[in-house]
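Order of writing sets the chain letters: A, B, C and D. Residues in each chain are counted from 1.
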């Protein structure tokens, strides 16, 4: 088969996520295997503009499948939103005969890619890479599974510490707009309560919930707080609970960026490999402006248009209901 | 809604798998929440016969969601295959007014459950729990994800050791009839070769594959051997390779039962919770002889008939092909 | 040898620490082995007063060596500081013919034990159990090694995330009065700066240090903040750095109580076993008011008097100097 | 102070061990800090002969402190035992004005270093780096603590699997001549029996021991086998037990090289840093033919002569006795 493209470059953009390296490896090697010249772009769209574009061969991605982060680095880049920035990026690609791009990231990344395709004709395929699992078109995004494991290991450790009826642990997890990590980690750890960005929970409701737990002889209480929850961060909420109920001893943990790191789980390595492999195969077939994603156990494509328009995480209502039943 | 059943018991049978405790917890609490009296059966079908059946409440499954193994233990039980054994089991259930059973295990477990339902009218729902991921009707079985993470962490550590062109590591993983763990762990770790039960690989082929890797400057070689591979265990294969090529230094690791243990991953905890929750809800609806499973991101039912008849793991040909491309 | 004591009880007090269960197991089994009746006291000194004292045999400590936390629970107990409280505790012990006590905890725990011995003649041996490693008479306290591993795994994950010259990570670790965790974790992770309770570091100094790192092309900066540092918690410091240098993007992680949990490391399990074993052997020899501790690779005793009087963690000046050299 | 040496090179030799990278980093940076030109030698003594010697600066050891293995690789090298080999090595060092060497490894490594110093006048300092912990002059060798944690995590997972009175798990750990890993991991996991190279245990004794455990209601049995045990590997022993007692179901795990890998523990990172720092400081003072080691909480030197002559691991008799008491 005569490939429909000449050279391919790959970049990672937005917040990094475990599994990105597995995906980069798959992109590079699938391209090489098919006789394409492959390039890596450093620091996302910024590297396109600053011409930080490096030729890569099969060995340049050896021994990276198990590493957290991204060897290509990532950066947020305002300049790529301008006409001039895009033109510069295009010129740099042209100079190397690169006519196709695999972009790994979230919806901001895809928005840029789509414009770049429409305005300059560079073929683009998107790979959903974000720990927030908030993209349409893929059951799971790259990095989410690893982040979940990191979160539950942390919470398990907090559970270990000596129980006391009057002690409350507040644990803040990532998810500015999406409570996916918070809700699922509450299910996976049997947390007593969870505060989500998608759902208003008043202090009264929270306290009622915790006290009903106390009455059924729960020996300790863990509250998971999504960083995007309206009532404020875990610290603020812990303080307000303490103010009203000074018999509670409240303790706070903020997981922060450690949720982004760590060696990718098996799930994320396989997902990254499959999506990277599929992304290049889509380009080889001449496709563009698509996102590759996991549906069930299969890799499927969704147009970037659809992915971006339908993007808006729906809280998993069935899980929320189940969480309530299982935390009795 | 008036439930269609009186009391429910839950048991785990066959090889244990991480996530079984999360599932037991979900079964018990979902039943309690719906006003059902709940029971746990110790040591699988054997406990049914020996009358080792324990009333359980919401607190009896506290603080187990993160534990490996199964608090109900498991055992293989030949006696349950006899008419007398089943009769005894039935009598013991009758004495407690238990008319429904959730069984967590593999196909042997389901075969027993189905006969029990057909011959004695006890309602049964099966939950796929086995690290082998070889059941029809669920994209993933309980325990598989955790086992995969255990395997790749072990292989990552072996990768760490000093590289040398003439050193081969053979790592034996579980899967007597199914190469699912072997194939996917090869993908997830970038192993140089994999020997599967479903696919004959001659010693010549293996060596050719390894030598082509050497020629492309791979700095170390890892061969994953499924315990069911026809050529024998990892030791035998390592010895035969060494005999023919005495310049190779071969090292062997047998992971064995450590693949069954460990705190369940987030994926397995959520899967176990969802399947346990669903299993009881199926019984509440009056259903029987069904398996609950994960398809995509949804829980779906499959009849035990279908699950048992279509059970025969098909090697994931697309992953096998991809593994070849990505290990260049 | 005729033992000098009749029955022995063991308790854990103060903040819990990984390895306490290994120690409890060793205490119980060493006593049983020597023909002593053994008891466990729940929730530290409080259980002595409320008479929550349980007979224990060899099997009651099965399968706990690997568990975090303490099966005996712990609690802070003001009442034990009163004459009446101690009398009540003594009466409860008398009722069971318990004349000796192993107490696992920190200096507060030892102070209580010593008074109890002096005023009521109960024989006491102390085991240093606290993650802070701030006791005189033992190179390492129980739980410290595990806590250190927890901290460095967290920091390693933060290191994974995409590097940027203008990003600073502030990580708050435990140690209200002792910078031992902070200093050693800075060494073990190659952190760019560390703020200790024992050492005033001005904001100016901190920023100078970070900027010199930037000039030598460090690709990311991690600052470890001991919770006891005078300038305030990690949040406050991060905010003040950001105020002065708005080109810095600051991110905060508060590890909190997760540092207390987790399965104990091999080091802590062996230490706990050895100290528990030694504690009972000291009692069998008729000794009292001693602390057992690790010096080099040997278990040695220190009088509680000396342990309490010399207790005041000296910052390890050689490590501090070394940290400076190694972070160039 | 005017340093007594010109340029320093560092190498790792023999089996690799976690913490070697932390040590390399400390050696390089301590040298740079003191104004010395620093070099890394690839693949141990072999790189000295093949002239694979690389100038290193402070940045060349960035971000390696947490990595398993050794960035300098290691190899066994017969040629360095010859006069010609040493001469070639010496010439290569001379060409770069390197007059001092830090060697990280075990007794084979030190023997070579000592001869090199005596015959060619190159100043040498040894750092004890081996997971076997079998060197005189250091309470702990680099890598041992990490290996121990790897071993106990594996055994913990095996413990998780369903218990049965008639099931025996045999786990083979490293230690050809030294039972240090085997004995200490038996203590740390509460194994039912341990077979050591230093101590003959007959099959009869083993079985007696296991059966007495069974009679006291132990629910599962784990036997740790040191690879150097006279009765043969774990497989052979498991088979012989099974032959005689066919009611036992025996399962085997061979940990193999995974014990060498993994991110170093906090203990090993700090130990590696301290020893590397000390090694260079010894050279700066003009010292040679010394090993730096940990005694208690201090770094002390031992002459290579003494280290090599007194090298012969004495089984820790007190731990062996304690293990017996604690496994009742």
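The working rule: a contact is a pair of C-beta atoms (placed from the backbone, for glycine too) under 8 Å apart; a residue touches a chain by one contact, two chains touch by 3 or more.
Worth saying up front: this structure is predicted, and the values here are computed from it rather than measured.
A.B. asks: Which neighbours do chain A and chain C have in common?
C.D. replies: The common neighbours do not exist; no chain touches both.
A.B. asks: Quick check for the class: compute each chain's Cα centroid; which one is farthest from the centroid of chain D?
C.D. replies: Relative to chain D, the chain whose C-alpha centre sits farthest away is A.
A.B. asks: Taking each chain's centre as the mean position of its Cα atoms, how many Å separate chain A from chain D?
C.D. replies: It comes to 39 Å between the two C-alpha centres.
A.B. asks: Could you tell me the distance, in whole angstrom, between the mean C-alpha positions of chain A and chain B?
C.D. replies: A distance of 28 Å separates the two centres.
A.B. asks: When the centre of a chain is set as the mean of its C-alpha atoms, what distance in Å lies between chain B and chain D?
C.D. replies: Each chain's C-alpha centroid was found; their separation is 36 Å.
A.B. asks: By the touch rule stated above, which residues of chain B touch at least two different other chains?
C.D. replies: 156, 159
A.B. asks: Could you draw the chains as nodes, link the ones that touch, and say if you get a line, ring, star, complete or other?
C.D. replies: Graph shape, chains as nodes and touching pairs as edges: a ring.
A.B. asks: Touching pairs of chains, which are they?
C.D. replies: According to the stated criterion, the contacting chain pairs are A-B, A-C, B-D, C-D.
A.B. asks: For the complex, give me every residue of chain C touching chain A.
C.D. replies: Interface residues on chain C, with respect to chain A: 15-16, 18, 67-70, 73-75, 150, 154-164, 169, 235, 251-262.
A.B. asks: Which residues of chain B touch chain A in the complex?
C.D. replies: Checking each residue of chain B against chain A gives 22, 25-26, 29-30, 32-33, 58-59, 62-63, 65-66, 139, 145, 148-149, 151-153, 156, 159, 184-185, 187-190, 216-219, 263, 265-267, 269-270, 273-274, 277, 295-297, 319, 322, 325-326, 328.
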